[in-house]
Amino acid sequence: MTTAEIERSTAPAAAGPARRSQRRRAGLAGYLFVSGYTAMLLAFGVFPTGYSIYLAFTNNQGQFTGLGQFTKVIQDFRFGSAFINIGVYLVMWLVLVVILTVVTAVILRSRVRPGLSAVLRFLFYLPGALAGVASVLVWLFMLSPSVSPASGLLRALGFSTFDQVLAPSNLPVILVLIAFWTGAGGWIVVMYGALNNIPDEVLEAARADGAGPWRTAWHIQIPMIRKWIVYMGILAFASGTQLFVEPQLLETASLQRVSPTWSPNQLAYVFAFQYGDFNAAAAISVFLLVLGLIVATLLVTRSGLFKVGDE
Amino acid sequence: MTTSSPAQRVRPAIGQRSSRFVSTLVVIVILAALLVFFVLPAIWLLLAPTKTAYQMEHSFPLSFGSFSQLDRAWQHLTSFQGGAIWGWLKNSAVYSAGALVLTLATSVPAGYALALTKFRGRRLLLTVTLVVMIMPSAALVLPIFLELNLFHLIGTVWSIILPFSFYPFGVYLVYIYFATSLPRDMLSAARIDGASEWRVFSRIALPLARPVIGLVAFFSFVGNWNNFFLPYLVLPSSSQFPIQVGLNQLLSSTPSFNPVAGKGLDITSPELALAIIIAIVPVLVLFLFSQRALVSGMLAGSTKG
Amino acid sequence: MRSSRITMARRRRRPIALAAAVAAGAALALSGCASATQTDTGSSSAFKEATQVPGSAITVWTDSTRLPDVQKYQKEHPDVKMNIVTYDGSADGSTYLQTKVQLFDRTGKGWPDVVFASPTDVTWASVPTSPSAQAFAAPVDQLVPTSTLDNFAKGSLSPCQVGGHTYCLRNDIAQVVLWYNKTLMDRWGYQVPTTWEQYQALGEKVAKQHPGYVIGSIGDTNSQESYFWSSQCPAQQLVAQNTLKVDLSSPDCTRMADLLDPLIADKSVSTQGFFTQGFNGSKVLMAVGPSWYGQYVFDSAFKTPAKEIAAAPPLKWDGQTATYTGDVGGGIWMISSHSTNIKAATALAEWLTTSTSNLENAPTYPAYVPGAKAWLANPANKDYFADDVTQVFINAANEVWTGWSNTKFSDATPWSNAVLPALTAGKSLSAALPTWQTAIVNEAKSAGYTVVTK
């Protein structure tokens, strides 16, 4: 939105009785429009979150325990390793997904013929259909040197058996591969769409100024889709901290070579359902929530994601 | 979409030409590597059910087996627990489609109102949406379960459809779309002309929002189709499982991964690969149909401002 | 425009003040708060039958292996209303059943009436999951005649026994024996070892004369039960209620590690599991493993031709008079204490575990002694083998060492997470023992055990 438009929409000329009633009407309509979603939000977002926080500060008798649950889970022998695992994974995953999807979208938008670009987008997105259980199953085969089409590559890297591939230090890489395989295509489509929204005149102007495609991308295109990149960053971070299905299935399929408490979510699951300790499970979730909030706040304030909303 | 530009038409200098060559090379290498990475496993998957478990290990990974083996795998898979896979597919369809309708009915008006109307609590609603988006799902599943139980919904389709249709990502997507792509003065003009809020929404905003509605519908459907955790925990009986949880049951019944539990069963690697393919067909078809709408839609909906 | 910005800034300050107030309140409240540890959920003996509804349908959860047995019962008893559900059978440390029972306890309905499960499940099923809940498993000693329970193989019901009651009926036992390929042993002129020392010597010979062939595997999630359990290693021994002895530095553990290390080094004992994808089953000369290895590993997984495989008695140590062996798996059946038709549920569980007509065709070696006799008398269960396995199986079933206790955590977890990756990375078993010790102690402590090392 240009500044001219903003000025027009808030122009003093529109003020007066008519304008005020219009605004009230709009306010009422606004409530109606969000009512359905708000009910859902309260039922399946706010209430469960509040209940989790309540659980995290009490014990199974409903007594207030202060930070007791938190110190208890921190002292658990699996807590540190689970958070380190997820931390390593997140760093690799975020760097890879942000850089590669943006670069690919830029290339597909400005360096490839439209027809070919559409075909490539389709092919890149294709694995997105295999998210969750299916993707893990496929990668179990991909990473097994005896059946993988990339067995030559695996052997060249020194892996001759599936067990060697599943060494604990390789897990973050494996999980990033799976997540990238299923998730990146969708983000490339979104980023491409966002790039498409940039008016041609802007790019023409840049070219006329003598900027090459890479410089145009760096100085014009990427800043203009910054909002989408931040959006992707937040969601990629959130999905990363919530890792559950993938390591859980790897554990089943590797016949338990992968730890059942590899990620914090799995640890919470074990607390809740193996020990029946829902309070400790809730405490771990609150840790994850706080972590997510900090990162999201940083991203949002640094990028001005809410700027449009503030007008 | 124009990729040829005036700059391209001007004959470049020698130095420019070689740097241009390098940059083209970089582009080709990146695209080729990505292409192999994304497509190779998919091709392998398509070929896998045509081979026996033995052939999968001992013949060239990208070779084709035979149609008769594919038929055999099909027979084995469809006779697993009396055709359980069809029930799982039907369940997935019911859960995903039901949730889709509710998601669209709630998230599109909400995203619109958040972006283009003014009401008290708007910022709060946005912030809460963002917070809930990053709340770990595992933490929410248990309270959601207790809540569903309170309303006696456990064991019904609503225990899956209702939580599935809460889709803050969708609201956020619609919100961003309207906030960036729809000029506010267009709506103000309509309002001054005396159009009701509902008219403004349904006649002006909604038609312009078609691409983002497609996007939300698509992501919601695919997300719900692939969701594993909630149904895995909440559904008591395997006849209610969606296909993803069913796949997990197949995995734990496969001698290749669980030799103790699966003796005498015909579910081996080829059958598992076939089950994966069947599980993703609906999503693939959906993508084929909506792919053009997704991309061209985003383009058409842009307001160039 | 400007004024709206100011109000915005003011509005922003409010949440911060609120947060500060909350934090201050929390800090104040911290002084007087309760303990975060779970309060113990009381005694497990209070079993109260649910209101009985005669003739009501019973729900059965079974693994796919026992599904045909349950279906057979339905066919023979068409008047019983049954709802049969297949699930993973709690195999390989799965917590699916436990998870679901936790949830059913909270909803107050939905429990299956009869379930197939693993012995580990008894440890949680015999106690209530929360103060308001009732233990899931019904004490079968109050439902099944003592004379029936007495007929189960010695010690086979001990995982079922908690606090003076018996909470499950054992389906099958998985006594460890020594499997060998008779055809190859005869061809190469090898003697079947009877002691661990001979086993080691044979391994070294095989490594030199027939490299590539293996006499066992240490790489499965249950290999520790085949080797260390047989060696009477106190890896997880209940010495008092809730007190677990974990002592991997004991000579009974180190002797096994020392015995295996040279064999691992010369590759006659594989660090790749028999169940790993891509394991080459045609190169297995010998295997230390449970009674079901014959049908499941050699026949169905390795596709070894019939009449080649034979079973020998479990190995013992030089100078030791008694033989002890391990136990790898073996399922149980539990009856729900919430069943509204406990009569029908009990009848089914009893039929599954004790009826000769069912057990003679059972997929694995029955725990019920008369059933085991019928099973061994059925040629279909023995035809595959090169020799008669009857006596070997019967003897080994009575030689299972009872010092490897059934615990609230699966013994597969510390072994698979701590030891197997180390072995794959090339470390020796002896070097991995301290890691294993730490892993077991950690698991035991978080499951609420007091751990002792002596």
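Letters are used for the chains, namely A, B and C, taken in the order the chains are written, and counting of residues starts over at 1 for each.
In the analysis below, a residue touches a chain if its C-beta (ideal position, glycine included) is under 8 Å from a C-beta of that chain, and two chains touch if they have at least 3 such contacts.
These figures come from a predicted structure and were not determined experimentally.
Interchain contacts join each chain to each other chain, per the touch definition above. Among the pairs A-C and A-B, the greater number of C-beta contacts is found at A-B. Rounded to whole angstrom units, the spacing between the C-alpha centres of chain B and chain C is 38. Between chain A and chain C, the centres computed from C-alpha atoms are 38 Å apart.
We define each chain's centre as the mean of its Cα atoms; on that basis chain A and chain B are separated by 14 Å. Residues of chain C in contact with two or more other chains: 92, 94, 99, 275, 277-278. Residue numbers of chain B whose C-beta contacts span two or more other chains: 57, 123, 146, 252, 257-258.
In chain A, 146-147, 252, 255, 272 are the positions where the chain touches two or more neighbouring chains simultaneously.
If you check the complex, the residues on chain B that touch chain C are 57, 81, 123, 145-146, 149, 154-155, 233-234, 236-239, 249, 252-253, 255-265. On chain B, the positions that touch chain A within their shared complex are 1-3, 5-7, 23-24, 27, 30-31, 34-35, 37-45, 48, 56-57, 61-62, 105-107, 109-110, 112-115, 117-120, 122-123, 125-126, 128-140, 142-144, 146-147, 162-163, 165-166, 168-169, 171-172, 175-176, 179-181, 183-185, 188, 191-192, 197-198, 201, 215, 219, 222-223, 226-229, 244-245, 247-248, 251-252, 257-258, 269, 272-273, 276, 279-280, 283-284, 287-288, 291-292, 294-295, 298-299, 302, 304-305. Only residues 10, 59-61, 63-69, 71-72, 76-78, 140, 144-147, 161-164, 166-168, 252, 255-260, 270, 272-277, 279-280, 310 of chain A touch chain C when the two sit together in their complex. Residues of chain A touching chain B in their complex: 1-2, 5, 8-9, 14, 18, 22-23, 25-34, 36-41, 43-49, 51-52, 55, 100, 103-104, 107, 110-114, 118, 120-134, 137-139, 141-142, 146-151, 181, 185-186, 189-190, 192-194, 196-197, 199-200, 203-204, 207-208, 210, 212-214, 227-228, 231, 234-235, 237-238, 241-242, 244-245, 249, 252-253, 255, 264-265, 268-269, 272, 278, 281-282, 284-286, 288-289, 292-293, 295-296, 300, 306, 308-309. The touching residues of chain C, counted against chain A in their complex, run 1, 8, 26, 29-30, 33-39, 92-95, 98-99, 102, 124, 129-131, 219-221, 271-273, 275-278, 409, 412-413, 416-417, 420-421, 424-425, 442, 445-448.
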